[in-house]
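Per-chain residue numbering starts at 1, and chain names A, B, C, D and E are given in the order in which the chains are listed.
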Amino acid sequence: MSVVDVSDQESWFHKNQQRIAPWLFLAPGLLFFMVYVIIPVFQSFNLSLYEWDGLGAAEYVGFRNYEDLYWEWVDRDAFYTSLKNNLIWLLLYLAAIPAGLFIALFLNQTVWGIRLYKSLFFFPFVISQVVVGLVFTWFYDPTFGLLNEFLSLFGLGPLNVLGDERFVTYGIIFAGLWPQTAYCMILYLTGLNAVDPEQIEAGRLDGAKGFRMLWHIILPQLRPATFIAFVVTIIGALRSFDLISIMTQGGPFGSSRVLAYYMFEVALSEYGFRMGYGAAIAVVLFLIMLCFIAYFLWSMYREERGH
Amino acid sequence: APVAAELTGELRIFLDTSNPAPRATMEAMIERFAEQHPGLEIETTVIDREAYKTQIRNFLTADTPDVATWYAANRMKPYVEAGLFEDVSDLWAEPEIADNLASTKGALTIDGKQWGVPYTYYQWGVYYRKDIFDELGLTEPTTWDEELANCQKIVESGRACYTIGTKFLWTAGGWFDYLNMRTNGFEFHNQLANGEVSWEDERVKQTFANWKQLIDMGAFIDNHQTYSWQEALPFMVNGDAAAYLMGNFAVAPLREAGLTDDQLDFYQFVSINPDVELAEDAPTDTFHIPANASNKDAAREFLRFVVSADEQTEINNGANLGQLPVNAQSAVDDDKFLQQGFAMLSSNSPGGVAQFWDRDAPAEMAKVSMEGFQEFMVKPDNLDRILAKLERARERIYEN
Amino acid sequence: MTGVTLNQAIKRYGETQVIHGIDLEIEDGEFCVFVGPSGCGKSTLLRMIAGLEETTEGQIHIGAREVTHLDPAKRGVAMVFQTYALYPHMTVAENMGFGLRMNGVAKSEINEKVQQASNILKLEPYLKRKPKALSGGQRQRVAIGRAIVRGPEVFLFDEPLSNLDAELRVEMRVEIARLHNEIGATMIYVTHDQVEAMTMADKIVVLRDGRIEQVGAPMDLYRDPDNRFVAGFIGSPAMNFLECDYADGKVSHPALGEPLAVSANVPAGMTKVTLGIRPEHIEIDRTGEACTVDLTEALGGVSYSYLLAPNGDKLVIEERDDQRSRQGDRIGVQLRPDRVMLFDPESGLRFR
Amino acid sequence: MTGVTLNQAIKRYGETQVIHGIDLEIEDGEFCVFVGPSGCGKSTLLRMIAGLEETTEGQIHIGAREVTHLDPAKRGVAMVFQTYALYPHMTVAENMGFGLRMNGVAKSEINEKVQQASNILKLEPYLKRKPKALSGGQRQRVAIGRAIVRGPEVFLFDEPLSNLDAELRVEMRVEIARLHNEIGATMIYVTHDQVEAMTMADKIVVLRDGRIEQVGAPMDLYRDPDNRFVAGFIGSPAMNFLECDYADGKVSHPALGEPLAVSANVPAGMTKVTLGIRPEHIEIDRTGEACTVDLTEALGGVSYSYLLAPNGDKLVIEERDDQRSRQGDRIGVQLRPDRVMLFDPESGLRFR
Amino acid sequence: MFPKPIEKQPRAAQITYQAMLPLALLLWLGPLLAVALFSVKPAADFTNANYWGMPSSFEGAFNYGQVFFNSDMPRYLLNSFMITIPTVIGAVALSCMTGFALGIYKFKSNLWIFFMFVAGNFVPFQILMVPVRDLTLQLGLYNTKTGLVLFHIAFQTGFCTLFMRNFIRALPFELIEAARVEGISEWRIFWYVVLPLMKPAIAALSVLIFTFIWNDYFWAVVLTQGAESQPVTAGITSFNAQFRAAYQLMSAGSIVAALPPVAMFFLMQKHFIAGLTLGAVK
């Protein structure tokens, strides 16, 4: 049996090319990702067991930070508010999905200029949340905001949405829904493109029309789009930071905080620098998100196996 | 100065005076210092004021300058405790400083040592629309009853007594400072800031009860929780509110917005409890030498230069910082507000001078309490709940 | 009476007209196949009958009812699509019952009908499965089942078998034929597969560019096409066409040797005609030398030889016996005169 | 010598073994076709030869060289894929020259070789186009051209024509056959198309479940299959199989009437055999009455009748003359005894 | 197509639809239009409480002039470009390689590494905040554009890998096999065969990442401070502090800050949408 010459470095590499190549291709990306994402996640877990102001030495306190969080929960303090608001965000943010679907259905036509319309409707997603926050702050402004001008037409108001702890979270979510709806809309528009026209025709022959057609035939086919819309919306809801930071800074009196913002406030804002405590909040947020990540990965795993 | 000529090497100075006017002032001052020390290579870095507050943590440990600006009192405590600021008690022992800067020594003292020098401070107080007062036939109040009576008239005229923007919380801290110092005195206020008194103490409640009187009568503008302090200015400019409890830095924007010195005036916050001495808020801005600085000799010389009587006169005059000099030998600019402020602080503040709530209380406590103040201003009925919350926070924060 | 009648049916997409005034009568219970080259309008015509495309002009009747502008669901038709168009999220049973459900039929009745249909199509074991878990043939059966359940008067099929592989195609072809025998409904079937058209149809409609070329029973079209297009289109391998000289009732072509007498009504004065002859109607004359065997393809029972005539024309002949030609052989050919057809070289019309 | 030899070649994916010890010798210049049902391992075997799949056990030689664990590039093979696998961003010429370019061949030489190949395949007019701008057949030609350019010793084709439509398929089939004649390289060709296998192959390898069932020339397999599987797999429509009683050299079956004498070495003591007969080797006896015509399919020149034997067995017969059976006719059948094959009902092996 | 194509419906429905489109759009983009309107108003309009009416005079040139010549805005914009562009290049380059490795090769840990990227991509980035900030500090990159760029590249690599890997998965694998049979080394397969085919994905991803990074606010706040390194999203807040209550300038600033991604989106609209389809719906 002829043996391939192994003495030569070149040829060894060539021989094992297929086995080594993927690792060479992966190396830079993996390195970056490890250093900046994966390892920090574990560092955060670790840090959450310490008390550290970012200056001196960190002091190991075990689960003390979590205990504090627990008491904040019991006392209905900032952590409680943040968690509660996070849940409200999670729930209400999902409204972007039906809203996006509705707009997508509205725009799914082939009239002249529709392409331009579609992109203009997508606009809110492209602009920065900072700008969105600013715009809506003005919209809600109690003295001159358009909202109150509008309400006064009906003899209502004035309403200080961002200054009232009962409305503030909803007000911010509403602002967030604007770009998120645009995002869902575009997902659905691409999804609608992929709907099998023959199934629609089969449905027409079967006598399904309007809403029943939508419910029984279109929506099931839009499942992938809905799934992605769901994932990005959930993640968007849990990550919500920019809007709160711009619109209220968590106020009034901390009633619009969410975990993401609270964590920032505790760890890095002017009055903060309780790094360990912040890390503990992040861990809680991470655990919530983990449910969704697991769900997402599980779906992907099933699909991969399916192939 | 006699020893100065031999200074050599590099001197790195970090400044947080990022607004154009103060920045120019400081740079000019450094320029003058450089002229006296041609052997010294001076490098100045100006950092955005807000950014500076977080960045200081980084540069004190790595890439450290020789001199840095900061704030007095509790605000410098974390760095002192972490050993990041140089002990400059030696400077304070020098007669020139010991004699002339005595009034601010307390603010820079922790554990009996001094950790920096002040370079400017400014008074707080009530800035008001003199024309509106005249229109309503009011005079500057001095007692709580006069205050309430005045306010009642203003409210009846369809205005708010006070404009305020509490979105960023600290403005409410100013109100609390004054109300509490007037109700319970400077000592008590300090104890509270240091966590030595319960928030559910009757005396604290009294402070809030006084505050509530104003709130209930509609003394403050509506929706203040949505405005920053600047956004609250127009209410005063437009005549929707008659006064503003604020630091002297509010004068410049009010003038810019078109109010003349005839329309604008100043009075000291009224006395409430006749049994306590008047005390004032006068936040002090400071210079420090980081412990890791490399050219401490030059840095010390710079600090001496900054607090010298001439420089203090120069940098605090109306054309420059427009604030109060810290050196007793300096001249106060003849701006009417500076004069009034200087007079007030030097002769009518027997109780003491506080730095400001968020500098006197630990950061965490400041944050939680100011949130509470804001909530109280919007929902005074929640007081008990708020105080309970603050008390819990106190127990946690001061515990270690 | 549930035949289908088209009356000057016309379809335009904007400016372009794709169906040019079709008149067609499909009898009750008939199995009618539309064939024609790609793009000739087969699908369009079928979809006009289904109501999935607007009819621009003309009328369509199903039975006695005019349905030209009726909703698809109201026409009493069911359609089976090339891609099956099963609802992927419903089980087989749900797929089949969906139409009835939409029309508010009672659950028990739906179940019964689904049961019946799945009986006919042997789908019982799969009723609970999703389409994904079925093979191509099974899916197609479900699609047919869905059509049956609705009990339509007319079944429409658009190339229902073209996504199946060869073996399954044969199987399903037989199945559909059996179904037609069993339920006897009118069926209209679009295909481009020769074999399907020939074996299943009662009546074949040959379309070309949106016009009907010929309508008739399969073997009629095969034996007696009206024109060159139909002659060439029906039959595989296709009919051979030779451009011949014509004189005195005889055609002559280099491949033939002697001129051949053909009985056809060729108009006087014609000197050129197109001769058509199917591969199986050519006999080999091993003594002849006129043609060269270019290639032979032995398929087992039958083999095809591709001949080159002396003038370069090509001819395909079918050989069945074991003694077959080989590449390079020189042979002569003899056409069965009764099977020779003559066409007008210009218009393609057949001289009968 | 650049034949291909497989020696006990085995392929496992984890636990599942898909190729079970294949021994095969393909001669230099031979055109070898792999056929077999879907999933039998045709592609796997081809890809093992190409080096795209590891060979788990056994050896593969190309010419005299052992290549079992060699890189695909070093085996001197070229492969043509079902999906063409043209690089869409390169022109036809670049596609064809790419392999040479990457291996550092000089520009001028590349050009020359591409020129030659495109000559052979009549691709000159398209050299500057991108694959997108080509028809399916042209793309397949480019794929072949790419293979040719590299001047490999062995060509591998994996169902290269199955993405083309019927007409083009016929055309390309002829083209590949011509190419093989012209360059005379060894070619291995995977297909599931009867016609391709029969018409192109020098040698057909019939695979089933990762094992070779029979190897031989096309007509040999057709006429002389080793077992029931091959007999049934080769030929379309498939051979008829009847389970018969066997005694004294004669088989009897209800469809046949009289027992039929068949010369085959049936082992003594066998009482049951499987009889195989192709549709075209059954003659109709119109006087008989044993079978019923269940269905007839007229394809034009030929028609197939599906008969039901008295015991329910099915038989397909081919009819060619114009006088054909109709559904419901009762007819008798006569098998050509020299064409009858007998198989062991258990193992399927043929008794010769 | 669902819903039923409008051109197949009665004339009246068609006209209603055509009329509703611009109306709906106006409503939808109302907030943005308001900002645009604000940005051309004179300051006087705000003191006179003319917030929503027509501008009493057109001051667009002055307002935008202020933004460009009298503030740090140009610097912030420049920073944004200097952060966004290298990030886009870096993340796309890295993910082309990781996507290639994960999409083409079969090895044991393939799926797990892929899932790691995906999971990391969905991690709430707050959990990274403190360690990443420390890391950046230790590297001496705090408050530098480089520090921000490095982190963005790393974090975006997760999403980009998901996207690229799925895209490469959808490429015909025969292309790679064909190249292997032709004796082309893996690196060259990547470079000459796969990379050119990924052009659409690269284009789409570039636009997406550009938008993401340009609009990032959180990390800009965490890792940088001050005009010398902060991008425009963070800059606009200090810009707003500078021009507090000068709504016309804040509006003009916001419009300027929003413009580049919008322009990018319009230029590459087709890729953008294709990108979402590929990356997301897949």
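To be clear about the criterion, a contact is a pair of C-beta atoms (placed from the backbone, for glycine too) under 8 Å apart; a residue touches a chain by one contact, two chains touch by 3 or more.
Going by UniProt, the chains are A = ABC transporter permease; C, D = ABC transporter ATP-binding protein; E = Sugar ABC transporter permease.
Only a predicted model underlies this, so the values are computations on that prediction, with no experimental measurement involved.
Determine the set of chains touching chain B that also touch chain C.
Chains in contact with chain B as well as chain C: A.
Along the shortest chain of touching chains, how many steps lie between chain C and chain E?
2
Only C-alpha atoms count here: how many degrees separate chain C from chain D in terms of the superposing rotation, rounded to the nearest 5?
Here the rotation carrying chain C onto chain D measures out at 175 degrees.
Counting only C-beta pairs in contact, which chains form the busiest pair?
Chains A-E share more contact pairs than any other pair.
Distance-wise, how many Å sit between the C-alpha centres of chain A and chain C, to the nearest whole number?
Centre-to-centre distance between chain A and chain C: 56 Å.
Using mean C-alpha positions as chain centres, tell me how far chain A is from chain E in Å, no decimals.
15
Considering chain C alone, which of its residues make contact with at least two other chains?
Chain C, residues with two or more chain partners: not present.
At least two partner chains per residue is the criterion; list those residues in chain A.
Where chain A meets two or more other chains at a single residue, that happens at 14, 217, 268.
Got the chain E residues that touch at least 2 other chains?
In chain E, the residues touching two or more other chains are 185.
What residues of chain A sit close enough to touch chain E in their complex?
Result: residues 14, 17-19, 21-23, 25-26, 28-30, 32-33, 35-41, 43-44, 47, 103, 105-106, 108-111, 114-115, 117, 119-124, 126-132, 134-136, 138-139, 144, 146, 149, 178, 186-187, 189-195, 197, 200, 210, 213-214, 217-218, 224-225, 228, 231-232, 235, 238-239, 241-242, 245-246, 259-260, 263-264, 267-268, 275, 278-279, 281-283, 285-286, 289, 292-293, 296-297, 300-301, 304 of chain A touch chain E.
Mind listing the chain B positions that touch chain E in their complex?
Residues in contact with chain E: 47-48, 50-52, 54-55, 58, 62-63, 228, 230-231, 233-234, 238.
What residues on chain C touch chain D, complex-wise?
Contacts found on chain C: 165-166, 170, 174, 177, 194-195, 198-199, 218-219, 222, 234-236, 278-281, 295, 297-302, 318, 320.
Name, in rising order, each residue of chain E that touches chain A in their complex.
Chain E reaches chain A through residues 1-3, 5-7, 14, 17-18, 21, 24-25, 28-32, 34-35, 38, 49, 51-52, 94-95, 97-98, 100-102, 104-105, 107, 110-111, 113, 115-120, 122-133, 135, 150-151, 153-155, 157-158, 161, 185-187, 190, 211, 214-215, 217-218, 221-222, 233, 236-237, 240, 247, 250, 254, 257-258, 261-262, 265-266, 269, 273, 276-277, 280-282.
Sort out for me which residues of chain C touch chain A in the complex.
Result: residues 47, 50-52, 71-73, 77-79, 81-83, 85-90, 98-99, 102-103, 146, 150 of chain C touch chain A.
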